[in-house]
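The next part holds the structures, each set out as structure tokens.
Okay, so chain A shows up in both of these, paired with chain B first and chain C after.
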Partner chain A sequence: MRLKSTLENYLFILPAVVIFFIFYVIPFLWVFQLGFYNWDGILPTKTFVGLGNFKDIIFNDPSWWRSIRNAGFITFIALTLQNALAFLLAWACDRQIRLKNFYRLIFFIPPILSELVVGMVWGFIIRDNPQGAGLINRGLVALGLPNLVRGWLSDKSTVLTTVALIHSWKGFGWGFLIFLAGLQTIPRELYEAAKVDGANAWQSFTKITIPLMVPVVVLAAILTVLGTMQAFVLIIGLVGGEFAGHASVPVLRILASMRYSSRFGYACSQGIIFGVILIVVSFMQYRFSKKARQG
Partner chain B sequence: MRRLLFKFSILFSVFCFLFSALPGCAKKEGMAKKTITVWHWMTDREPAFQELASRYEAETGIKINFELYAPSDAYSQKVRAAAQGANLPDVFGILDTKKDFASFVKAGYVLNLASYMQENNNSWKNSFFDKALAVSEFSEGNSYGVLPGIYGVPIDIMTIQMVYNKNLFKQLGLDSKKPPSTFQELIDMGKLIKSAHLVGMVSGWGEVWMIDCFANNYAFNIMGKDKVIATIKGLVPYTDPDWIKVLGLFKDMQDAGILSDGMIAMVNKTAEQLFATEKSVFAFNGSWCVNVYKGMNPDLDYGVILPPKASENFPMAIWGGAGSSFMVNAKSENKEEAVKFLRWFTNSNQQAYLSEVTNNLPANKECLNKIPEVLAQFAKSIEYATHPNVWDVSEFPTVIEALDKGIQSIIIGEKTPQQVAFEVQKIKERELAKKR
Partner chain C sequence: MKSPIYYKTKKITLNVLIHLFLISVAVSCLFPLVWMIFASFKTQDTIFKDAALIPKVFHFENYYLAWVKGGFGRYFLNSIFYTVSVVIGIVIISSLAAYAFSRLQFPGKNLLFVMFLVAMMIPIPGSFVALYILLNKLHLRNTPAGYILCMINVGLSTSIFLLKTFFDKMPKELEDAARIDGCTKFGIWWHVALPLSKPVLAVVVIFNALNVWNEYILALIIFDSKGFMPLQVALQTFQGEFVTNYPLLMAGLTITVLPIVLVYLFMQKYIIKGVMQGAVVG
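Then we have the complex of A and B:
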């Protein structure tokens, strides 16, 4: 009877396990295996190179590390500016303000738009030449700041920052939703009690909201890092490619190795290294937040 | 409840089994009428292909199933994935480099068509432009280790050249019948274009391969084919003065204001829009643009020229040859029928129809007299055409990438031609050392 029950239980989860195994476990293991080979993605034969691909990436591929630095910069802007904005807007919408449901809807529109479309539309808005409307530069001129006018997407010194800001605009809606959900779990009685004790709005915010929101902030930060480090479609939409390396990010490098150089093994090794970097960063964030909560 | 779930689980498994068996059933049913499946990426030719498929079915009773997968990047990945899974269709195109094409052949996915081409005194082979066939040919002793043969059927030909807007030439006070014939003349036009607040030249140099194409044109012109090939073989360094001269041309164009602002972030579709809407004086584009421009602006008045020569030492070369080719799956049960279909598909009647409807240059040379003037201008330059796929040696992809990105850096004023040459050579030496 007990055996039958156990078999039944395994049978229930069998379809999910099979799907998970075929579509997640096998490709995952295959990527690991291919990372140790030179393979063009076509020939049935592969050449075993051991750790050669990994060694090349780590010691001989400056464009890879440049892409990591670029993604790190975009992530830094997303972690700070994007999440700060998302937190502030969520905090505002959590309070009794007029049209708050309308704002919730509006703030969630950018994340659900296609990254490619967002890239192309922003590209049109920003470009100040026959390719675009140049609204930013026109606005600067109208504000009496003509010395700030520049080719935001064609100047090597501004292209990455522009990409990072547009990425943050597109992504802040997710953070907004997460923060809003977190804020709504904080018992209102705490604020009322604080008010009775004479706490002002700033004190309530720093002594109640912030400490209770730490786990949510950590979650949002981890999701931001994972999402932003892997962004690439928006960049293609905005600048068409890596812009002489100035807008290069790891996924574009992996794509270049696989698609344009036919180095599937090398691309797999890049994917593994990238995965390890993301895991390490996420783990560090988690440890840091745990310490912060305990402290 | 538990019993119910158990039954549901069994039912689900049975459903999964039946569902997975469905494609097999479909295949058996399809046996009743022979179907040849053709994969392609050419969105602009889809209606014409469908029309020809209907005509072929009416003539022979064999159904041709054209399956379109776009964009070309996605198509290319699909073909690779299908090859790995042994699911290639009867006929397909390969969009990758000659090295990748060679891998497909070596893996046994592509049928050698040489014997079919040679039937009846080479009648099929002779109907094509030599340069159209060359991209699918592997000669004796080729460096890819492929058995000599012809492994593809060209559907059309293309050349990549410069086009200029005749109306804007008039607006600039220039003679529209005298486009620049030397690089200096092109540079001299920069000031004029700038003062008229027009855009000089546009091209999809955000998609770096077009930069590679432009650079190679001038490499052939400045140092000749032999030296370019010697560079690929590692016998001439990229730091050679001739290569630095080639790289310097990009700086000269940028300094003269010939290149459009934001050129290195421009995709070719945008470049085509700018030229078709008469915002730029020049464009560097392939012969496929005739159809694109016609769709965007039917009244556009433009001419076709070779990139203006930078040197008198060697003739200018342009990339060209087969625009697209179809390969026959060597493992297909329908390969004989597929070859018959391609023979029909590339005869002069079908080629003339395709050219007329899609404004692409026919691969069959017998129909050249039936094509529009601007297309004929593109076709005339086929004698100057070359392509990395016909060189028998190929450059390391990492070197090509470094060269293309380096040129982007020159255009944005980040690096000098000398710096780029040095960096490219460093990567070349690293790759050569690895190969050794």
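Then we have the complex of A and C:
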């Protein structure tokens, strides 16, 4: 009777566990196994190469490290510009202000759209005739700044910055909501007490708001890094590809190894190296924030 | 001593500045969508040359052409089918598992739950490589079933976690009453636990639906046949083929975006609350 009951309990988790093992655990283990092989993805034969793929990636693949640098640049813009904008907007919406709910509603529209759609639409807005409307360049001319006109997406010196800015446009709504949630947990009495004690707005911002927001800022920073480093569909929509490496990011490299050079083992090794980098970076951020909080 | 008028003017000026800032950001959020919608009514000749935002003549036939000749009708139905199937699958499978993890006893329970948690946190960039191989071996590549199962797995861990957290806080009395009335475990899950968890289920449904509707990379590597493609992949292939008919593409983009925006406007309460609560808990 008890056995039957336990078996019945297993039935509840059975579908979840079966799907999880087939579509998560097995692929996860395969990635680690295939990382040590050369394989074209079709032939039944795989060649064991040991750490060869990892060595090649680390020492002989400048395009890989360039893609990491590019992703690092986009992430840097997202961490600074995007999160600063998000924080400012959240701070502006945290007061008794009209249309607060309206702003909150609108600011979260970019995050609900797909990266591909955002990339494609902005691409058509930015690119010049006949591939797009060239609105930014037209605007610059109209403002009397024709010397600032450039091929924002076709010039190798500006393409990555454009990608980073559009990425920040798409992502700031997340930071905005997270910061707003954090700001709303700060008791209003603290601000009132500070006011009574003669503190001005700037003092209560630096002495109350900032210290109490540190954990929230750290959470937003970790989410930003994890999300931005792995972003790539936006680039497919916006640029159409890696643009000879000028707009490449790690996941696009992995995709290229798999789809265009049929190097499945190499793609898996790239995935492992990148996964380790991500885990190390978010762990470091976490440790750093813990230290910062303890003073 | 400065006069009260000084302070009042200062306050009003500050408020005006804040609103100007907020409104300009809000306009930038809406502009690409508005531009896209107007562009979808223009013609191939004027779409990019015409600097005016609003077209002089609205070419509604672009939507008919995109839907029928561009194939977006088919892709739209594909996207709907995948989204609905995946969401139904996730709701049933994750709520069953979450209920068991919260209420039932069996050996290995904690270990299994921790595994789902760890899966939620470890990033595996490039997991699509292994999924491609797996689906090939199972002969599920280029099939809707393969895609649906992969996407169920993508949403599973987080949904189980959300639902288990909710079930843990749910009072046990109702379930006890149902048991005394002779309800089976599955009966209690279906008649008591699921109806009570409606607020959380709404969050699970919305976020997973958004996720499937917007998914790109797995659909790209899984489907070869155009007949199976969802909107996101179809949009990209549409652009690569022949001479791109831009107004039709804009209509296709609008067809892709509009359902998401409408769902968001109707369900904004759950979406915004979901994100903000997640932030405070995390």
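Going forward, the second predicted complex is superposed on the first by the 273 of 295 C-alpha atoms of A that agree within 3 Å, B and C clash if a C-alpha of one lies under 4 Å from a C-alpha of the other, contacts with A are read in each partner's own complex, and residues count from 1 in each chain.
Simple rule for what comes next: a contact is a pair of C-beta atoms (placed from the backbone, for glycine too) under 8 Å apart; a residue touches a chain by one contact, two chains touch by 3 or more.
Small disclaimer: the values here were computed from a predicted structure and weren't measured.
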| item | value |
| --- | --- |
| Joint occupancy of chain A by chain B and chain C, clash or fit | clash |
| Touching partner for A:L34 - first (chain B), second (chain C), both, neither | second |
| Touched partner set for A:I254, first chain B, second chain C, both or neither | second |
| Touching partner for A:P44 - first (chain B), second (chain C), both, neither | first |
| Which of chain B and chain C A:G198 touches, first, second, both or neither | neither |
| First (chain B), second (chain C), both or neither touched by A:S262 | first |
| First (chain B), second (chain C), both or neither touched by A:G144 | neither |
| Which partner, chain B or chain C, touches more chain A residues | C |
| Partner chain(s) touched by A:L226 [first = chain B, second = chain C, both, neither] | second |
| Partner chain(s) touched by A:E8 [first = chain B, second = chain C, both, neither] | both |
| Residues of chain A at both interfaces, chain B in one complex, chain C in the other | 8, 12, 15, 41, 129-131, 259 |
| Chain A residues within the chain B interface of the complex | 8, 11-12, 14-15, 40-44, 60, 63, 127, 129-131, 151, 153-156, 159, 238-245, 256, 259-263 |
| In the complex, chain B residues that touch chain A | 2, 5-6, 9-10, 12-13, 16, 73, 76-77, 80, 83-84, 96-97, 99-100, 103-104, 106-107, 109, 199, 204, 206-208, 260-262, 264-267, 270, 274, 277, 279-280, 397-398, 401, 405, 408-409, 411-412, 414, 430 |
| Chain A residues touching chain C - in the complex, by the definition given at the top | 6, 8-10, 12-13, 15-17, 19-20, 22-24, 26-28, 30-31, 34, 41, 85, 88-89, 92-93, 97-99, 102-110, 112-118, 120-122, 124-125, 129-135, 138, 169, 173-174, 177-178, 180-182, 185, 216, 219, 226, 230, 232-233, 236-237, 250-251, 254-255, 258-259, 264, 267-268, 270-271, 274-275, 278-279 |
| Chain A partner contacts - residues on chain C that touch it in the complex | 15, 18-19, 21-22, 25-26, 28-30, 32-33, 35-36, 39, 47-49, 51, 92-94, 96-97, 99-101, 104-107, 112, 115-116, 119, 122-134, 149-150, 152-153, 156-157, 160, 185, 189, 210, 213-217, 221, 232, 235-236, 239, 246, 249-250, 253, 256-257, 260-261, 264-265, 268, 271-272, 275-277, 279-280, 282 |
